[in-house]
Every structure is written in C-alpha cells, then in structure tokens.
C-alpha cells in the first residue's frame, strides 16, 4: 500500500520500518532531516513537504503530543489540499484533540482514525504493538494490513476516534498507578525488614503476573532507572492527559492527582529524564530512606 | 502430623480440611461450636479448650484480626502451659503483632511462625494458596508438609515473622490500589464514550494479565458486587494495617490514605458487606454517574 | 487622570465607577455593548475600539482569564500602535501570562503592571479592595492615585509583575483550603452530635477571626449557596492557576490537587454556578449525609 | 472550691496554678513526683494516690492522651470508690473515649464533663484559654468558677461530653490545615520570585487575620521551629484523632489524610520534636527547595 508517514521519533521510525518490511511503499516526513535520511536508507521515499505526504491515500502520523499535532496537521490549508483518504493518528493525544481532528478532517472529506499503541520501542521494532483503534469501520478495515504490519493485535474500540485515546490514556494511568503502588509497598517492606525483591517475587508469581509489575518492579528494587525505556516526564504528560480528560467530562480522578504530584516531585528532584520507574524515588524521599 | 487448629471461619475450615485430606490428625477449636461439629464430621477431633489444642506439637491459627489473636492466643497462661513446639499464625495481622507474638512465644519456649496466605476461600479449598512464610528456618522445614497440604507454593521470607505479614499487607494494598485505578479509569471511559468492558479486555490481554484486573474488573464493569468473595470492610481493615505499619516505621503511604478514604466512603454509602470491587461505587459517586 | 478601562464585568464596572467617582476621565471598552452604555451614563466615555482605549496614557484592564487577555490584549498590532505609557492588568491571571505580557509590552515600549485584587464586588464598589501590585517602581508611583480610588490599601510586591499574580493565586488557594477544612470539620461535627454552627462560633472567636471563616462558614452551616458571591466554577479556575504555576516551577501542591478534585466533584453534582461555599456539598456526599 | 487535679504536664501545671491563684484548694497527683513538689511549693496539697484525689468533690484531669486516661482513670475500682461529684477531663482525647468515660462514670454515680481547651502553655498561664465544655448543664454551672479561673471564655457545647472533644479535634484539624495551606503557598511564592514574608503580610492583614496564620506563618517564613510551642508529633496525634473519629462515624476526611502523610514525612525527616510549623519542611522537600 502507498503510505505517508509523519513523525520519525524512536517509535515512528520503528513503526515505519515495519511497514517497509511488510512491503508497503512509505513516503516519510519529519521536522528534522536526519531520521528521514535514515528511513530513506531503509527503503522509504522522502516527502518534500507535509502536503506531499498527504497526497498518499493513507497517512500515518506518530507525533509527540497535542501541540505538535495541532501545529502541524490540524491545518486548514493542508487538509483542504490533501488527497489522502484517511489519516490515522497513532500518537498518545487527548480525546479532546481527537474530537477536534475528526470534525476538521470530516469537513475536508478526509477520514480520521485514532490508533494509539501499547508498547515501547523494542515492541514496536518487533511488530508486536497492541493497537487501540477507533474510527469508521470501513476505514479500520482498510487500515488492517498496516496494523498487521505494526502490531500483534488490533483492538477495535468503536466508531468514535476519541474512544481509542481514552483507552490509551487509561492504560497509561493504570501503568503509573501500579508503579506508585509497588513503590510505596517496596519502601514499606524495606523499612520493615522485608527484601523488596522477595516481595516482588511473590507478587509477580501470584496476584500480579505480566510485564508491568515485573519490569518496573525490577527497576524499583534495584533503584536503577537508566536507560529510560519510558521517560518519566512523558508519564507526567500522560497523567495530565487523564486529568484533562477528567476535567472536560467532570470526572474527578484523585489517584491521577496523586500520581501527578508524585511525578512532579520526581522531576523536581532531577528524575524527569530517567525511566518512569524513578517515580519510586518520591516514596523513598517521603520516608527519608 | 498431629496438628492443633484454631479458628474455623470460612478460610480456616477450608484449610483444616486440606490438612485432614492429606492425612494429618487435626484437633480443632473455635469460639462458636457449629464449625467444630462440622469439622469433626470431616474427621477432626474437637479440642475442649485452647489449652488442649496447644498440647499438639504444632498449632495453626487462622483468626480474624489482631484483636482476636491478642485476646485469645497472646495469653501468658495459655503459652506457659503449652506443649506445642511451634505456633504458625496464618491470619492477616499486623507486623507489630507478629513482633510482640514472637517475643512472647520465645519467652515461653515456643516457636512462632507467620504464614499469611494469598487466595480466597475457593483457592484454599483447592489447596492452592500462596503461603508467605517467615520464621526460624528449622520451624519452616518442620511445617513444610502442612504448607504443602494447604498451598500450591510456599514463599520463605526470612527468619523474622513480621516480614511475612509485611508481604501480605503489601499484597492486599496493591490489590486495592489496582481496583481503585481501574475504577477511576472505568468511569473516565464511560463518561467519554468508551465501553469499560472493552477497556478491560484490552488491559487484561496486554499490560495487566492475571486474576486481579480480570476478576475485579469484571465485577466493576457489571457493577455487580454480590456475593462478596472478599468483603469491602475487610479491605479497609487491610489498608489500615498498611497505614499502621507505615506509621510505626515512619513511611508515608499517600496512596493507602486515598484508598482508605475511598473505602470509607463506600462503607458510608452502604457497600461494606459487598465485594471489595464495590470500591468502584465511590468513583461513580464522585463523577455523579 | 485620563484612563482607559477594558473589561466591564461586575468587578470591572465597580472599579471603573470608583475611578469616575474620584474624578478621573475614564474611556471604557467592553466586548458586549450594554455595560459600556451603563458606564457612559455614569460619566465615562465610550472607546470605539481597543486601540482607542490604548491611546490613553494609562490603561486598566479587568478581564476574565488568561485566554481573554491573550486574545484581546497581547496583540502585536494593538501594542505597537498604543500610546499608553502603562497597562495595569488587575485580573486574576497566571504568573506565566504576566511574564509573557511584560516581555511583550517592553518590546513595544509600554510599561506593564500586575495588580490583582482581593475582595468581591461589594468591596470593589466601596473602594475597599486590597490591591496586590508589582511592576517597575516608577509605574507603581504613577498609578498610586488610581489604586487609591479603587482600594483601601495597595501592597507593593516588587518589580516583577508575576509576583503579584503569585500572591493573588496563593490567596485564593488559601481561601479554598480554609473552606474545605471547615467543610470537612462541619460534617464530622454533624455526624458526631455537635452543631456545626456552634463549632463555627468557637472557631471564629478564637483561632480563626476574619471574613473567610465567618462568611463562608455561615453559608456552609446553613447549606445555602445562593446568590453566589464568588462562583464555585471560578474557584476551580483559581486552583488550576495555582497548580499550573506549581507545575511550571516544579512545586507539587497536594492540597491544591485535593481542592481541585473536590471542586470538580461539586461541579459534577451541579454546584458550579453556586457560591464557592458549595464545595462543602462534596464533604457531605462523601459521608452520605 | 476543693479541687482534685490529675496530670501536671506543662499545661496541667499552668492550669492548676490558675486555680490556686483564684483561691481554690487544689489537691494534685502526677505520675512523676517532681511536678507535684513544684505545685506544693505553689500552695497545692499532694494527693497520696489517685483515690485520694478522687475524694475531692470536683476532679480536673489534664493527661496526655486516650491511653493514659484509659489506663489511669477509667478504672472500675477508682471510680467505684470515688467521692467526687464530677470529673472534668480537659485533655485532648477522642470523642469515643468521652462516650465510654461518660457511660462508666454514670454507672458509678459520677458526673463526667469534657472541657478541652484552645491555647498553648503561655495562654494557660495567663488564664486566657478558650474552654470548650460539654456535659450536663448542672455540672457545667458548678464548674463555672473553675473555668473562669482558667479561661477567658467558656463555650458550652451541649449535654453530650463527646461534642466538646469533637470541637477540639476539629479546631486542631483546621489549625494544621491552615499551616499546610500556607506552607504550600510559601514554597510556590519562593519558587516564583515572591518573598513569602510579603505574601504573609498581605494575607494576615486582609483575608486571614488572627493568631494562626500570623504566628505559624512567621515561623514558616523564617524556617525557624524552635522552641516548640506545640510539638509537631502532637499535631499528628490530633490529626489521628480526627481520622479515628471520622472512621467511627464513617466520615471520610481526605484533607486530614493529607495532613497525616505530611506530618509523618516531617517526623521521618527528624522534625517531630520541633514546632508544628515544621510541617512546612515537607512542602520544601517536595519541591526540592
């Protein structure tokens, strides 16, 4: 399939490469030129402008956040001249942005699909992402081959694109919640003569199997937060998305508020560029351990 | 092995039956007589008094909480006349009580082991508990056949009995945390057009496999809280144990504080006797959904 | 003095009238025409455009929030053509906006002073506001006659305009904090056989004299929230300003987070247009009273 | 009047001296002997035992907390032999203890009045306490001369002694709330270029007059916490009383929970013996200032 691809950060590059690997023709664009050159070496073609990329029948975008999407893509001129049939936004953005984007695309005769993903860079490189997809059913069908190239499973979440963003925001909120819970427990254990690693062993082989407790738990018990698989500052961005979505829909989220304060403290103490697991430093600071 | 068994609530009965099933001779005692009669029908012998039960070489106890243990078993007279070599307390009690109990037992020449368990009644009936055990290594060895009769796995957590109680308290704290996190997310989803059951499907097959999210999540998405597998009021007891342990060791646990307020609100709204999953009613009340 | 005045909401009207009453020549502008007509009847002249108002040597503005200020006044064209020597922004806006505004005004050769006020409409009408003023000392001197017309006291808070906004944001944060504290205590009292009004009497004549506890406390003990002297929804706006300022400067404010969730719940329950004292309904809902 | 007086800590000594100064005959008892000797020098007589003190027609007690009251005074033997007509407990204890005490005293034909006080040691020495009194009206009348000797004003709060303890617990909860609120604001100010002392000046001369904001605020802006007028560890005790009262009556108090965690962190960081104003160190730690 002919695909336009906008946004070649670490995730975007891994995903675009999966499309190339599965035989799709990918035309890429990125604000800074180096990742474009990299992808061209891997077989992509370079789009000279966003408008050129939006000449492809399908455009995938994977940009940093609401602001960048708003600034680059929610542009009347770009969308009015686009020949793309559908734009699938795979970034973690707010449901509110999804609603604005869907409305704007519709006005210009373009389809809009939200398809944020679960998985870090290594998961993306292996084509094993979980893809949370919402939008018109016909568009989802059309995108299926692309999703299959990038993910191990696609979760259809209905016709309203915003629903997929709500799911992604919720998943990340639960992720940070689990990390905070284990962080508090680990300090309680340590202060009471129980090895946090022994506690983690019990938990992950009984109540809490799966990648989150085991993976972040290991970093927490070792207090080792580099390299950052998922930067802590991004965790604050995601919790803020949850809170903003809650505010807009009048849903108080006190646990998200607690996570926000905890993350902010971690950033104030210099852990913003470390892995999200460094949220546990806040628990240790509280207890003066 | 000759075993004394104190405390025949639902968990205690299931565990004592597992001992009988594996061929142990069990002498039981309970404050109310009916469960004793039941167990006698299953092959146990009735202890005429606590003292009689403490004549067995090993005593297992499974009582409701710190107060009951304190009132019935941390009794100078009982312990001074006991012939039991070791008392294994499998209830969910505070690490502080474990410390007092271990000291008191030692003074009377008795071993004390803490071995709280993970698993509800049905898991206990199947002999599949996870047993968190801490105490002198020799005692743990001696108790191994009993633990094997009751559990699928025993987790040795060191020589200090309190460590096992810290682990149990931490596990339950994480359990309630996970329920609160999903509860908040489910309301956010519902208020934003995403079916909470669809969200749960994504989560349990990606980041959060295992029994906790799936089991409690299903009750939350259905808002169905009866019968109570784990009573909400017991959840408050457990979170209070975490907070008390934190206070004693000067470890602030803001997430536990939030859970405490959330549970208390659920009780104020009449959900104390329902399943722990009814904590989610608080999220719904907050958002007026 | 010749004064331009932008923003004729309830507060703005009261303040502009004070300027007229003290003999100043006031040229007014407002987005909707009716308040302009009202002020003209009171002796003001109508500015045909913002640009015309900014021809006055001093411009006072009293707009709703950051967005409105940004949209109307932080306009390159307006500021480049302005003949005003100094613009004093008396609205409750963020310190971040003050920093941007000061920089932008300076670029166009205009002075910028932040002078948010403490006091509701009736206090403004009586000329009894507390004015929190920050900006270049020479500008503050020049504005003194205007401040004297509007307030009972001016608090100079240094050369950096943002400092005055920080003070205002902090004052409102303390105000909402005090209301939440008394609200929780009032429910505790009621649930325990102590008349909240009796409690309020003790508090206001011992530890907590002054207008806040007495005034909001009386509304809380009567559970009477109309008319709204200070709309609850505005309270959320102000707490959000505190949180945003905290985020930008990496200062976690867990009490502000709690207030935010409490206010949001009150809004979800339909109290957004009532007086700020209606925050107390959240405490009652929590306790199911 | 002949008065028995139990509990000669700093507050108790100051209050007993006021009784002596007003001509009452005071028979004192204390667990440690030295304060007794001191009071005897001031004109009191030494009670040889608690029973002897309870031979007086009126007994005032001012003990440390629930545990001490329970252990020393809620004693069947003591109360059954007492000839005192009324016992007035002026300590800060839980409403729950007041209920048990009132019931127990009634069973032994003794009156029980709760009369906790507002004011630190210096206020007590000057006879300027605010006395929050609840109990049978006839008893309150009888105690009036004693209250007049010790306080500047007595607040009658009804027939149920527990109500007075609820009022006291609430007052201290509001006190700690105000300190936390100003602490957070002071850090926000400091991080944003506003002198916290200037902020305090504005607040105390506008919205927040009275001793609490001014007194604690001055300690906070100077970060000077010694000598301790009110020990921080006692603040935690009082907030715990509020929370326990809330739990017993099913009233969630999230602000009290936040204060508890904040105080616990301050204690973990070594501030337990400093003045309550040291709660502000937690805000500074959060922001890494």
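The letters A, B, C and D name the chains in turn, as written, and every chain counts its residues from 1.
Following the convention adopted for this analysis, contacts are C-beta pairs under 8 Å (C-beta built on N, C-alpha and C of every residue); 3 or more make two chains touch, one makes a residue touch a chain.
Keep in mind that this is a model prediction, so the values were computed, not measured.
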{"item": "Interface composition of copies chain A and chain D: same or different, split at half", "value": "same"}
{"item": "Maximum centroid distance from chain C, chain identifier (CA atoms)", "value": "B"}
{"item": "Separation of mean Cα positions, chain D and chain B [Å, integer]", "value": "38"}
{"item": "Separation of mean Cα positions, chain D and chain A [Å, integer]", "value": "53"}
{"item": "Centroid spacing, where centroids are CA-atom means, of chain C and chain D in whole angstrom", "value": "38"}
{"item": "Of all residues in chain D, the ones touching two or more other chains", "value": "246, 250-254, 258, 261-262, 265, 268, 286-288"}
{"item": "Contact footprint of chain A on chain D as seen in their complex", "value": "254, 261, 265, 268-270, 285-288"}
{"item": "Contact footprint of chain C on chain A as seen in their complex", "value": "246-247, 250-254, 257-258, 260-262, 264-265, 267-268"}
{"item": "Chain B residues touching chain A - in the complex, by the definition given at the top", "value": "95, 118, 130, 132, 153, 155, 157-158, 160, 162-163, 166-167, 169-171, 173-175, 177-178, 180-182, 184-185, 187-189, 191-195, 198-199, 201-203, 205-212, 242, 245-246, 249-256, 258, 262, 286-289"}
